[in-house]
Structure formats: structure tokens, C-alpha cells
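Chain nomenclature is as follows: A, B, C and D, assigned in order of appearance, with residue numbering initiated at 1 for each chain independently.
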Amino acid sequence: MVPLEQQFASDNYSGICPEAMAAIEESNHGHAPAYGNDPWTQHAADAFRELFEKDCEVFFVFNGTAANSLALASLCQSYQGIICCDSAHVETDECGAPEFFSNGSKLLVARSEDGKLSSAAIRELATKRMDIHYPKPKVVTMTQSTETGRVYTPAEVRALSETCKEHGLSLHMDGARFANAVAALGCTPAEMTWKAGVDVLCFGGTKNGMAVGESVVFFDRKMAVDFDYRCKQAGQLASKMRFLAAPWVGMLGSGAWLKNARHANDCATYFAGQVAGIAGVKLVGPVEANAVFLAASDAILDRLRAKGWLFYTFIGGAARFMFAWDTELARVDKLVRDLKDCV
Amino acid sequence: MVPLEQQFASDNYSGICPEAMAAIEESNHGHAPAYGNDPWTQHAADAFRELFEKDCEVFFVFNGTAANSLALASLCQSYQGIICCDSAHVETDECGAPEFFSNGSKLLVARSEDGKLSSAAIRELATKRMDIHYPKPKVVTMTQSTETGRVYTPAEVRALSETCKEHGLSLHMDGARFANAVAALGCTPAEMTWKAGVDVLCFGGTKNGMAVGESVVFFDRKMAVDFDYRCKQAGQLASKMRFLAAPWVGMLGSGAWLKNARHANDCATYFAGQVAGIAGVKLVGPVEANAVFLAASDAILDRLRAKGWLFYTFIGGAARFMFAWDTELARVDKLVRDLKDCV
Amino acid sequence: MVPLEQQFASDNYSGICPEAMAAIEESNHGHAPAYGNDPWTQHAADAFRELFEKDCEVFFVFNGTAANSLALASLCQSYQGIICCDSAHVETDECGAPEFFSNGSKLLVARSEDGKLSSAAIRELATKRMDIHYPKPKVVTMTQSTETGRVYTPAEVRALSETCKEHGLSLHMDGARFANAVAALGCTPAEMTWKAGVDVLCFGGTKNGMAVGESVVFFDRKMAVDFDYRCKQAGQLASKMRFLAAPWVGMLGSGAWLKNARHANDCATYFAGQVAGIAGVKLVGPVEANAVFLAASDAILDRLRAKGWLFYTFIGGAARFMFAWDTELARVDKLVRDLKDCV
Amino acid sequence: MVPLEQQFASDNYSGICPEAMAAIEESNHGHAPAYGNDPWTQHAADAFRELFEKDCEVFFVFNGTAANSLALASLCQSYQGIICCDSAHVETDECGAPEFFSNGSKLLVARSEDGKLSSAAIRELATKRMDIHYPKPKVVTMTQSTETGRVYTPAEVRALSETCKEHGLSLHMDGARFANAVAALGCTPAEMTWKAGVDVLCFGGTKNGMAVGESVVFFDRKMAVDFDYRCKQAGQLASKMRFLAAPWVGMLGSGAWLKNARHANDCATYFAGQVAGIAGVKLVGPVEANAVFLAASDAILDRLRAKGWLFYTFIGGAARFMFAWDTELARVDKLVRDLKDCV
């Protein structure tokens, strides 16, 4: 089959990066015990503990829907609430998965202009209702980097986690693009998570260059008790676990996780720079990770689509362009040229 | 890492077969739309339609727990019951997954000596209780080949499906080892499924030689309505779907699915033949697919374990040996020799 | 115990009306088969069929949380969405019950100024997202009379139901205060429900003067298939069903359901008239059923509370006063006098 | 309507006893805050604390299905297991309610000849499987008095609770007929529950003489945290709670709970004595509470049914006769005479 030329509709359009593929191939020798009792799984978990400078507990699941939903379900009961941003993926694009896995926990949605949660918003939702007819807020989920292409600094994360502690809330980080945030900020994974008060992180592997797979990292081992059973019951325990774990060994061991993210971020910055001067096209919000949002007339966007480009438009009509570990600058240049032609 | 020498505790200990691996590599070029809107997914679904000689609807999910649980949940309501064998994997080894995905459907368990369901057992469970205090039976699940290493002939499947129809029950086939059953019987996939009255099949890819992935095949498209939403909400929609679909293209297109299963079955038969004359070791049940159950004294089994062999023992103490697509006869011979030494 | 003097915080503060109490006493003779196989249950269901001029299917459950949640769960799957108003009780005051009973159906919330749904709002939510990552809208729930004390005319209901049909949506009516709406509009129960396109009605008995109990009325019997099993599994099948059913016989047979509602509505209108001229106190929205919302300064409301009055304040600070079947005008006059004193 | 003459098919056929009815009437004066913030609810909870000589936490729910299912759901996670007897009501007659409320917890069923759990059976199920593919046992539920009409002595309860503690299991008591067990044994409620190691008791009011209502008693207040939210979300929070609570005040304050149970037990004993000598009719098991099981030929039972008697037959064909708070000896005598006629 003829593969698709590069598109920037989603970083999920990219394939498997060489380091992840090599690890799959390398792990494909001989036999290995099933369900995670293999050396690759042990090795991958240790790699996370090293990366995060913490004796954390790590679980490997198939995708982000499950990673986030299972993590949230483990942090609250069905009659409790999950505070999130109105642009949070768990609210807008999971088809009710958090509610399904948790058996009914309600998402308590904070409005936000920029796609970032604020302490004020958390506080308002945490204190708005204290009666039995309303789900008791129990956990906050933040996305890093956000669905709007923004990043929280470690200081911002710490401010949120302090608000959480004041109100008895756990803090969960949806890190579908965690690597992009680390790359953008130049801090350590530890500084951005447990040192800033994050309880549980879902670290995304798929968008980062893997075929499939996300990891759920509990920084407090007590919170992880029986999470393996939870994964099993929910259809998220791989029998040939080595093929879910080995790519992490390849990614973390080689540093590809960070290199890939940096490249994606750099491409976003490059693209933003190239379109900056185009009349009729306006950058929406700063570019901090691997997403660029552009405001343009419907006519312009229609012409761009007519040239074969795929992209999503969001609230307010902004067109989103996502860059991945494999983005080719030549293809970005082509997009820029076509965009200029469309104006 | 030094890979494990071949073991026969589970066919999940095996790796990825060449045809599946080649398909992953081949599909890893350029970009592809996410969530199944890629040509590999289309191609894989078409390959199933060709294989089954039927315009069926096909979904690709991550593992067997999810495949079976989602299929069963789509066939009954939470207050309805699922008839199964007492040795069925959904009853014994899924940690409550069918109950979780269905939000409470109860498994109605038929006792069986050989691990096969009978029309009489279905009828008894279907008619035992007709009152509102008992979950109304709505679906029957059978495993082909069974957890006990047996196969149902197409005629047997048809007999069960006719009993199902009499009682308004759907028929689901857990085909974690479907290929082994087809290889054993020499019939066509169609003859063993929809032509014999099966409504939904979960066709196992993992044990058959893939890294990850099972397919859910609805022979009646009406039954499949919105199953894609069900998968999405339950965390079973892969974003980079091509890597879940392409291996199926490789497996079905090359015939590896059948070749792999034949090899596994042949190894089981070979092993059974080799141990047939050993005093103190008794074959439990006929060998019809890729499993061999042996009865032996605890002392013998302990000595075998002491020699480094891994295996599970089941009810009555029988030791199970499973053979896979990659089983090496030399290693089987080694097991036979060691077993003889232990007697 | 000294009973509380009448308060207007909620119509749930009222007791059991004489007609309902007499029916409990009357039904408390001799034995009766359990779980609804008694003549009272048959009689009550028939009374509904007569009242609604329709061969509807009727179920008696314990409370409104369950009635609405079970009805909605029967109308959609876990991966589908329920369109409702932002002030709908199912959204604001059920602690995630609809999500719990449906195993994760998401409420898709329409903003509304007056607490009423509009065809435009339904259409917008029904068509906003058509992708698999968003719960497919499947049912609309409207409250009659609304949580804001408003009523939909039969013509308005019909307009909504037509929009529903255009988009393949079922229409559910939360009738916790259904009787108040019928009393307000002077139409027949049939005109307000199935003749206007309502599929399922939850008819509230508790606020209407019963001790406990709501009925779920399916106007299309096909939609009611197995709803009895659903009730049973969800803990909503009363063993001594006659005591849940008999009060309905008393209420419907005597006309108390309508008399009670009229009285409550009249008291609301009376109260609204009495406070109309008070400076510093402003009626919020028209009074159409048994609720009155007043805007007043915090100082005024605090003084009113200090005089022993109980009431809730809602968004914007409006104080809500609810009138019940047993409201005594003398007590309303006392409230009016105290309110005047507070200004 | 002409009431049914007394039948002994179920103790649910009985009506409301005078003490419960008087309490409903007494509580039906004036207004009362909703959702349990009324003096009757406080009073009823205090009455339980007095009865059990313990500062326990008490919740009032609508029926036994919900009481037991909610209690069990609060004691385990969805991926954990509930050990029960094969004749336990939660296993045989709740249409999957425990699985529904818990979101998938599996019932691990112990076979029993007499309907009583044993320490050996608990131990076997608690240790049978320790792998992730099987729900981790977390709670044991025992029925007191049992579905087979037997009672556990406090010493037997203590033996079970000690086994539970050894294996990290909570102990739940389904007390749908708790009063009958207390009456039979002549011990105190405390001796039979928390003093013997029971963690949570569901105390049945309906069969004991109330119209509706069961109480959930947590002897360890920490285990009860947020159980009110759980009830609310599951549709088990009554708005006019006083009518669910007041009957308990009447029952416990007057001693009717015990008097009613004694009467029912006495009638069972009387009936057993009367039928003892009848040829062709055999008592199945000892009569310890309010149930009598009789073995007789189908011909005899058919003739008894033809005379208008209602009763259920169970495994092995035994006919069950249940006696209630209101059983009239004359009617028992009639049954005995008719039975003699049928032989």
C-alpha cells in the first residue's frame, strides 16, 4: 500500500520510531513469561524509576483512554467528582470512558480561556457544592502539555497541587504529550511531577513514537495497590507484555523519548515562525509544545483542504497543526507554501 | 537480555511470527490516518470478509479479555445472563471482566466433564428459572478450541446454535485458539462459524503469532451497530490502528494463521505420542488441538519443575502443556527426556 | 416529637396526603403476593392507563433518582449521550446517578436562561459532534414542570419531540412535578405526553403527596421490554409492592393528584402576588407552577433566615420557595409578613 | 379489593404490623426536612445504637437488594470477589444486583449442604487462587437466619469472622431475617454481630413487619465514610426519609421487631410439629427460625396446590413454608388439615 504523505492533523498519524522498533525486534527472541513476568517489563519499569529518580510503581497499558480512565477510577469512587478543564481530552474526546471505567464519576468542568487549569478554578469547583446531591470532588486531572498546546511550568504545577492538598484532592497528570512538555521546559521529569506534587502520571508512548502503549506511573506506591487487578479486569493486561514494555526500554534507554519530543516541538516553532507574516493567517496563542493553532477565514481553510491537507478545526474555527517525532521540514515548508498560496 | 528457552506453560510465551513482524515493518512507512481510517485497517477487514466468505463486520481490539467481554456486553443487558462452561476462560481467568464490561451480567455456569458445552446443559440453564429474580439467559459463549484442548465439530456447533435459537439466545464463540480448531478439523472458517449458526466470533491473534490483538467478527452486521463506540469508550480503540491491523493482513494473506496453528497442533500430537508409553504418566483426554494434559504424581511433577520446566496444573492435578507456532521439536524432545527421567 | 412548622424550602418537607394514607391503610388487610403480583399493583397500573387514555406500561419504583436514571438507562447505551438542560435535576442534583445506572452515559448539557430546553439547543447538541470520540446523542430529557418553576405547553413539547425525531432521539420527561404542570396548563395528561411525542414519563408521587414512590410510564410498550428486570437488578423492585402501588390508586382514583397540585400552584401564585409590591424584593421569572424565585439582597435574606425560615438560594442568589399539597395560607401570610419586616 | 387469605409462600406476603403503621401515622404531622435531616431519622439511628450497644453508623434504604448490594460494594472493589454460600440470596435471587452495584465483583460460591458457610469453605475459596486472573477475595457474606431456615450461633459467627480476619476479609451479614435469628437464639443483637466480628449488618425491616425498608449498620464508623453518597447515587436516598425511619422507631422502641420474629418462629415450630407424623411428608432439616421445608411426592404437592395453597419448591423438590409476624394459627391448622387430606 502507498503510504500517506506527511500530514499534520494529528501526531497519531506518525509511525514507530527506530528506537521503539528496534526494541520490539530485539525482544522478539525466544520465549518470555506472559502477563508482565518477563525481564523486559522489569527493565522498563526500572527505566521509569531511574528517569523519575523515584521508586515509583509503573503499569503498561494499551492506550491513553484506558491509562487516564483507569488512573482516575483508582483515585475516586463512582459518587465522587473529577475536576478538569473544559478542553481536557477526558471531557471532550473519550466518549464517556472516564465515566465508564469509574462506574459514574462525574467530570466537573472548569471553563478556561487557554486550556489550562487554575488554582482559582479548582477551588471554585471544590467548594461550590458540599451537599450529598452533588459528587464530592476527589481528584483533579491536568493535561501536560495541554490540548491547546500550552505547558505548565513546575511552579504552576506545584501551585495547583497545593490547592489540591488544601481541598483533599489527588492530582493526576494526563501526559499524552508529557515528553513534549519536558522538552519544552528543560526541566527533569521529576521536577514536573512528584516534586511538584503530582500523584499519578499517564506517560504517553504512542504520540511519542511507539506503536501502542502508555504507562501509568504512581509516585506513591500505596496508591497503586491492586492496580494490576484493575488493569486485568478492564482488558488492559497484555499477555505478551514484553512487546508493550520493550519499546519503553528502547525509548528511555536511548533518550529517543526526549529527542522525538524536541524535534516535534522544534517543528511547531519553525512552522509558527514561517506563517507569522502571512496576511489573513493569525497565530492563536503562543506555541509552547508541538501544536500550532491558526485562525484564518473559512475560504482560506477550504482552499488549504482542497490542496489535500488534513487538519481539524476547533472552537472559534482555529485550525490545529500537530507535529510529530518524524516531521520532515520539507513537508512543513510545503504546507507553508500552500498556505501562502491560499491567502 | 538473554531470552528464555522454550517453555510450554502457555502459548503466550511465544513471540511474534515472521509474517506478523514483516507486516508491522511494512506498514511503518509514512503517515496514516488514526483510529482505523487507514488502508491497512480496511485491507485487514476485507481479508476477514474473504476468509469467512461473508460480508461480516470486523473490529480490532487489543486483547482477548476485551474482545470477549465487549462482544458479550453487546449481546446482552446487565440484567441478563451469559451461559458458559465451568472451564470457560471468561469464568475462570478474566477477573470479572465480562461482569465489568456488561455492568453486571451474570455468568450462568454449566458443569462439564470435558470442557465442552452441550445442548442439554444450555437447555437446562435456559429454562431453569423464568422469574424476575434471576438473570434472563440471553447469550451462550463457547470456546473453540476449548480450554481443555478439545474441538467442536461444525455439526456440534450447529447443534448448539439450534438449541440457542430455540431459547432466544445468541451464540458467541471465544476463538482465542480459533485457528487451532480450524487446523484440527480441516473445515473452512465459515463452516465452523456463521454457517453453523455462530453470531459473533472473537478470533485470537496473539496466541496465533501476533504481538497483540484480537478481532471481533460480527456475521450479522446489524448486531455490530455502534460497536465502534463501545470499543472507544472501553479503551479499545487504537490510535495508530494500522499496527493492530497490518499483522492481520500479514497473517491472513500469507496463510500463516493456519500454518502456525497446524504446527502447534502437530507438536501437541507429537508430544502426546512421545509420552504415551511412559509409566506413571497418563494422558488426560484426547489431544485435539494444541494442548496436552498429563496426569502424574506430585513427585513426578515436582521433579519436572526442579529441572526448570514451567507448567500449570489444573483441577485434578493434571499438568497442562501448550504448544505454539514456534515450538521446536528438539525442545519437545528435551521435555520428553526429562519427563522420562522424572518417572 | 414536635413536628416542624411549615417551611417552603422544598415540597419534600410535606407529609402524606389523606388519600394516599387511606390507601395504605386500606391495602393493609390480609396477605398479598409479593413483587407486584397483587391486585393493588394491577389496579394502579390500570388507573394510569385510564388517566393517560393509553395502553401504556407502568412500573412503580421508590424514588425520582431511580425513576429517571433507570428510564434514561433503558433509552441509551453507555457510550451514548443524554441531552438535558443545565438546570436539569439529573445534571445538578443526582450525584452522578444517571451515569451510574447507565454505566457511563454522558449528559450533554444545554445552557438555558429560563431552565427550558429549546429545539435549537437540542439540534445544536445533536449535530455538534459526529465522531466516535464523542458520545452519540440518543435521548433528550426535559423536566415538566421545570426546576425553575416553568411549564412547557403541549405545543412546546410537540416541537421538542419533532426535533428529537429528526435526530433519532427519544424523549424522556422528568415529571417529578408533572401534576403541577398538568394543573397549571389545564390540559390532559395525554395531551402533555404521548400525544405530544413523549416516549417515557417519570410521574412523581412523592412531591405530589405520597410517602414514597414514582412511576415510570412507557407509552410504547416495546420500549418497556425487560424494564422489570432492570428495576429488580437495580434495587427498585419492592417486595411488598402493594404499599407502593395502593397510594397511586388512592391518588388517581380520588383526583387528589390534581387537587394537590392545584393547591400548591395556587399557593405559589398567591405568595407571588403578596410579595409583588415589596420594595427590595423582586420576582425572578414568571410563576407558572409551584415554585417562586425571589431576588433580594443578602442582608434581607439573612434576616429572613434569622427569623427561622428555611430556603435555598440558587445561581444569581435567587431564593426559592416551593409550595406543596398541604401549604397553609396562614403560614404563607406569616412568611410574607416576615419578609416585609426584613426589608 | 378482597384481600388474599393467608399464604405461606413468603413472609413478604404479610402486611404492615400495627407498631410500624402507628409510627407512620405519628410521623405524618407537619413538615420535616428532607433526605434524613429530620428528627425521626435521628431517633431511629439512635435506637439502633441503643439496641446494638454500640456507636454504629446506620443508613436507611428501600429494600434488601439495595441494602446488601450497596454494603458489599462498599466493602470491595470491582476486581475483587465476594465469598458466599451457593444458596445465598445474593447469588440466587438478586438478578445480578451485587455485580451491578459493585461494577463487576464476582461472587465466589461455596457449596453447602445445609445453607451455612463454614470456615473451611471460606478458607478454600480465599486461598484457591492467588493470581491476577481471578478476583481477589475481599469480603464474605453470610445470611442470618439462612435461606434454608437455619441459624448461626454467636460462636459460629465468631469462628467465621476469625477465618475472615486470617485472610484479610471483611464480614457482611445479610439479615433479611435477622430478627428471627435473634429470637431463635435468645442472644443480644450485639452478641450476634459486632461482638462476634461482623463488620456490616443489613437488618431487614420488610419481612419483620414494615411496609418497606432495610437498615445498613456499620459497626466500624470508618467503614461507613461516604456511604450516604453511595446511597444517593444508587437511588436509595429517600426524600421524605421520615417515613422510612419512623417505622424503625416504632419497631425497635416497642420491641415489636422481636415479638414479631418470635411469633413467626413459633408458628414454624408449631407447623413442623403438626406435620411431623404425617406419612409421606418429611421435614427437611431442623426448624430453627421461621422456615419449614417439607419433602413430599409431586402428587401430594400438586394436590396441595390444587387446594389453593401457594408455595415454592426448591432444589430436591422440597416445599418451603414461611411464617410471618401475622400468621394465624387457625390458618396453619387449615394447611395441616389440607396436607393430611392430600396424602
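By our rule, contacts are C-beta pairs under 8 Å (C-beta built on N, C-alpha and C of every residue); 3 or more make two chains touch, one makes a residue touch a chain.
Since we're looking at a predicted model, the values are computed, not measured.
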What's the chain with its C-alpha centre farthest out from chain B?
C
Contact-pair count is greater, between B-C and C-D, for C-D
Is the contact between chain A and chain C built from the same residue numbers on each copy (over half shared) or from different ones (under half shared)?
same
Which integer distance in Å separates the CA centroid of chain A from that of chain C?
42
Mean-CA-position distance for chain D and chain C (Å):
33
Chain centre separation in whole Å, for chain C relative to chain B (CA means)
50
Going through chain B residue by residue, note those that touch at least 2 other chains and give them in order.
35, 78-79, 94-97, 100-101, 103-104, 132-133, 135, 229, 232-233, 237
Where on chain C does chain D make contact in their complex?
1, 3-7, 9-10, 12-16, 21, 24-25, 27-35, 38-40, 43, 61-66, 69-70, 94-97, 100-101, 103, 206-207, 211-212, 229, 232-240, 243-244, 310
Okay, in this complex, where on chain C does chain A touch?
78-79, 81, 92-97, 99-101, 103-106, 132-135
Please output the residues of chain D touching chain A within their complex, sorted ascending.
35, 77-80, 103-104, 132-133, 135-136, 226, 228-230, 232-233, 237
